[in-house]
């Protein structure tokens, strides 16, 4: 643990970091106060350069461009093939506004895209569907959960995705697009949307496994040797789980809505798969709840272990003090300097007293043994 | 903290202030007992003078009057343009009754307007809609959350708002009315109502951010050095969050009702935006719940830290006492004045005893080390 | 507090009183076991003499009789005017049966009327509606919440009410009947029923304000100086709140049912007012929940304060004992009577030892200061 | 208490008894594993001999047979009168199968009848209704709640009831059958079924009153003098309440279903009465929840009282030790035998030291008084 | 207990084992990340060789093959008789894919079959129904609950079951197939599916009984002599119950869906039996919740017992120290070597002091007796 979690405590004590953690609790997923709705305000940039990337495919053919321009993307809208346009980085609001205008997106959708930190949601607009999905990752260096917002727009022949950073969890999906004969290539954009959402939900397991491992290591420490830091780390871990939980709960409702949706953009064939994503999300929630339960059980265990040990410490003290304090008193008596103390002159006085002390001491020992303290 | 929260404790101990805090818990949002419903009773005034202020606008034109008379306002009702009449201060019941009569408001609506402290609600009356919305603010001087009631009446071509005090969170909205070409100017009164509600919900974030900062500072203190005051401040903060929570929860239901309403006063276009306000409200609730969780985690952390430290203190005491009490007893033995104590005459007696003491002392040290207490 | 709450504890320890309190927990709101349903069993009388009292009014006229006979009441049934017949005291089952027969009430309704302690409920019978509503009052002498059952029967031109005791909360309603031109006089019996229910719910605030004040005084004591009694009083207060809570929760559901009812006895105009009663009830529930939260927060605060103080006490003990026990041991060494103890003869022996003691003592002080205990 | 609850603890420590208690937690209300459904397995007999007993009545006539044979019972089925056949004891599966065949009961119904320990349920089969209802009783000797299963089959002109033991709570119902002119005699079998269910639910109050009394006595003990046994008894009582609770909760749902049922076997007239049983059941649940709340409040009270007392004990120890340990040290100094200790020769040395000791001692006393510990 | 539960602790401290336990908390019931849905990935094999086994029966005839080949199984599909094909072991994905193709199963069903650890679910596909049901068993050696996944496919004339290991709970069902005239043989495949599900749910009782026994033994230990291990075992048991709980809760919803399903593959006759399984599942959930309640009650009991004992230990220490420390001080006084100490020369000095000591000692004893500590 000492190798793995030193950050937990240091960061928790670091006001600066604390502020950032708190910033996570009260997520300000709204435009700057007083601004008109639909006003696009650039969020703080998390990547240097906004990057466009598209895939365009049909059953027998696929095309890929990692550094596309907006204009190259616009062409795709009028092709009958399935197109997936991905934007990494949200701070270039001009670009996003341009795309919004071209694809006919509602101002509120554009605002949602550029304000990260929102709850998962699914909204049906006339000719397209809009999905917000939080992506979670475990920042191994700082030992915190990091959230990123994925916005997904599903139209009749395209899927747009917007992410805050470069790296993502879609490598597998891209590979399947490039693979001839894969199911993904044979189906429409709704199946692509499904595949992307599935990849995101699937990645939650990685995060939970990491949290689960940390929980396990803490459990071991609470059982073996609870220290003051152990409780602090339990607290920190509890908070990380809370962050995960807050992201994941809305997912259930959202995916339930997706599944019940009768929008024609979602074919029945794909809806069967959507049910699967829903099931996975529910299972992730189960796991989060289990972790929460285990951690709050650990808090109980910690408290009761400490209580029990205090009790043990007290017993040792009480036994030592109760045996020797009376004996010391007896010795004190005969250390007095009174001129007339008959016992002092007795020949057997000293050994008699030693005997009496032994009897008193053994009496105490027996008393404590009967009480079960020894 | 000492700079920021001295009030928390002093106030908590101040019976007078306490009374006010309690007054907040049991909010008497009803007319004086026994009075007929619809009887308007003036609430205690919070501003010196009731102030009327109106905006009147259409796409190409706008007019503003900061110190209007009632009669000037009545004229607006018959104009085809959108009018927003705002009343600051509720204690002039004659004025409010006059407006109520002129705009045809139900007696219960008038009663609700003049009795602050109500739950958020949305009611549909024949030709107008009535909304009660609590506005929250953080009183930085007393470190408490302050509630103010906003009543909003939405008619076919007007919006009436009633507030308890002067200052408000609508500066941004006013600015947008004054801006030519803004979406607000192009739409009807329902969009104005939306903009006002959006501004209120948006302001909750400010309050929560402040509470979040205070929580964070307390967290730091619990982790570093929990004192008796820390727990009191946790308690006080918990209560403030409870106040916020009680105001915010009814909001969700209320905004849900607004969103599902099919009243013709709310156009479909505006309803899309109302959904956005609803989403924001839900996110605010999430944040409040997170803060609650963190604070109750801090209470646990506090308790377990104190328990652990008591255990540590006990160990020190027990080690010191267990080592020296037996040694003192041994010294006491040879301080006795018996005439016949053979050991006293031994030449090596003194050093032999010192040696024995050393052995006993080291034995105790080893014992405690084996127990892991040293 | 000592002036206000001495009863709380004394009563709690008084087996007789305890029994009565418990009697409140398990309310036997049913006929004597084995009896046929509809068998009227007289409840223990709470007033000496059952008293009838009626109002009869229409827009322009009103009549009142404070000591009516049953026969005088029966006449009212056939008048077109609105009549309100109130019965104080439930133990005269013959009287109630007589009224039941005359007004055509179902046997179960009569049974419900004469068995106090029931949950709030609303039942629609063919030609009349039946409402049970608990009335709460704070018994300032015994510091407990007292429940009384109000039964209300609403017919096409009459309202019957049955109470357990004389005093009630309807003074304001009576005053409004006597006032010419009041809305009450212009409307039908359903509006009267509303006015009565409104008065009852409104009175809950008084009770809650009293409980709120007691809570506040306890909060102060927990913060300043928690004693063993403080916790007992918290417990007692918690129980009183539980009693209130149990009475009030069913109210919400009941008033919701009233509000949704489409019974023709309830005009649409009155239903608007019923919604208002419902809103008030919900707000009362909010207040009860807030008080519960505060009190359970106080229990936490009490426990952690006591824990913290135990820790403080331990520190003082440990510091005193750890400094002086080793020093006493050192003095004990040189108090021994060995014949050969070279140090005793050193000229600087005594002062040297005093110096060594000073060094050891200061060492301990520094150690504790470094630990932050001093 | 010592007279009343000695069993609670002894039994809890008795492994055999514990097993039985646990047996109650995990109720095996299913056939032996692997057996075909509908296979009747005789439950362990709780009475020596299965006993049949029937009533047959119409408005003007009634017949009763306390020791009937199966054949006598079969005759009743074809009479137009209302018949109530009661079976005490469930282990004679041949008898029950015979009745099942004659009255056309489904195999699963027969299996349910012979497997005690099931949740309350209500099932509609073609020509009859089946009700399972747990009956509770307080075993005053062992101080535990005892459950018994009542199965009730309601046909067009008969009611069958099956009980595990002889004694029951239907004495009042029998009396009413024997009474000419009682409502029971004038109505059909559905009203009889209602009367029986009403008697069962009514009896729950007896049990709860007993539990309530035990709770009250424990409350008194926690308030006056909490001992280690008090907590154990709280635990045991909590478990009994849990047993009651688990039986009673399903009742609510079940009676709700009965009430909403539109089965023609239940006349509308009787349904009004069923609503009454439902109300009683809800009130019983309220009482159970209240008891649960009180008991968990008592656990809190117990813990905080013990904590507070530990704090008090610590204070006494700390005061005694802090006053006398320094004084003893001072005495120890002048008990040393150094040859050169100038103070020893001072004439006022002894009294000066006594004075110094007095000053130190009083200083400690003042210090503790200032801290509020004295 | 020491014989029965040594594993609990050792395992909990064993990192390797802990990892496995955690693995149970965060169950990864999904394909390897990035893989296409419907890609069959072989789970880690739990048996050496995959084994096929079939039953084929109609009312008058039955056939059984314990070591069938896939081809033998395929023949069954076209027979009018009822066939039950069981597969033990899931790692042979080729086999499972082959069967999937032949029986026309959806790729997602095949994926679900080969990914153990899923929530209970019920899905309706065109011509077949798919059920996932967790089977629980108690691993007596490691004292943990072991989960196994049962997949069940119900077609028009066949039932397919897939298990992870050889042993199962279907011995009783097989016996009934072999029994001429059994109801199972007379009914269709839906009844067989019911019988299998019933056997699984029924087996939960065995597991719960074992957990119940362990709980009971722990209860005894907490009541008699709580040790530090007791709390750890409570924690471990709590976690096992949590595992059971997570498996069982989804069952309720799932069986509720089965019961409400109007799929024609489930005949009305069988649905009556399905209701019975649902009832059993609900009862199992009740038992789990009861166990949870008891265990969390035991945690409370443990904590309060330890608190109480600490209080007792403190009392003994305080009494001993408070009596003897002042006496030792008195003896210390007269052990001083001042030249001028008049009392030392008094003839009655020594005995007078002894008397004074006796008075002081008895005074302390009386004081403690009055406080109720003795």
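Read from first to last, the chains carry the letters A, B, C, D and E; within each, the first residue is number 1.
Throughout what follows, contacts are C-beta pairs under 8 Å (C-beta built on N, C-alpha and C of every residue); 3 or more make two chains touch, one makes a residue touch a chain.
All of these numbers come straight from a predicted model, not from anything done at the bench.
Peer 1: Counting one step per pair of touching chains, how few steps separate chain B from chain E?
Peer 2: The least step count works out to 2.
Peer 1: If I superpose chain C onto chain D using their CA atoms, what angle of rotation comes out, to the nearest 5 degrees?
Peer 2: About 70 degrees of rotation relates the two copies.
Peer 1: Which integer distance in Å separates the CA centroid of chain A from that of chain E?
Peer 2: The answer is 26 Å.
Peer 1: If you average the CA atoms of chain A and of chain C, how far apart do the two points sit, in angstrom?
Peer 2: Measuring from centre to centre gives 42 Å for this pair.
Peer 1: Pull out every residue in chain E that's touching 2 or more other chains.
Peer 2: 303, 307, 309-310, 314, 317, 321, 325, 328, 332, 335-337, 341
Peer 1: Circling the ring from chain A via chain E, which chains come up in turn?
Peer 2: A, E, D, C, B
Peer 1: In the complex, go through chain D and note every residue touching chain E.
Peer 2: 9, 12-13, 15, 18-19, 21-23, 25-31, 33-38, 106, 108, 118-119, 121, 123, 225-226, 228, 231-232, 235, 238-239, 242, 246, 299, 302-303, 306-307, 309-310, 313-314, 316-317, 320-321, 324-325, 327-328, 331-332, 334-337, 341, 343-345, 347, 349-350, 353-354
Peer 1: What does chain B use to touch chain A in their complex?
Peer 2: Chain B reaches chain A through residues 169, 171-173, 175-176, 182-184, 195, 198-199, 202-203, 205-206, 208-209, 211-213, 215-216, 219-220, 223-224, 272-273, 275-276, 279-280, 282-283, 286-287, 289-291, 293-294, 297-298, 300-301, 303-305, 307-311, 314-315, 317-318, 321-322, 325-326, 328-329, 332-333, 335-341, 372-373.
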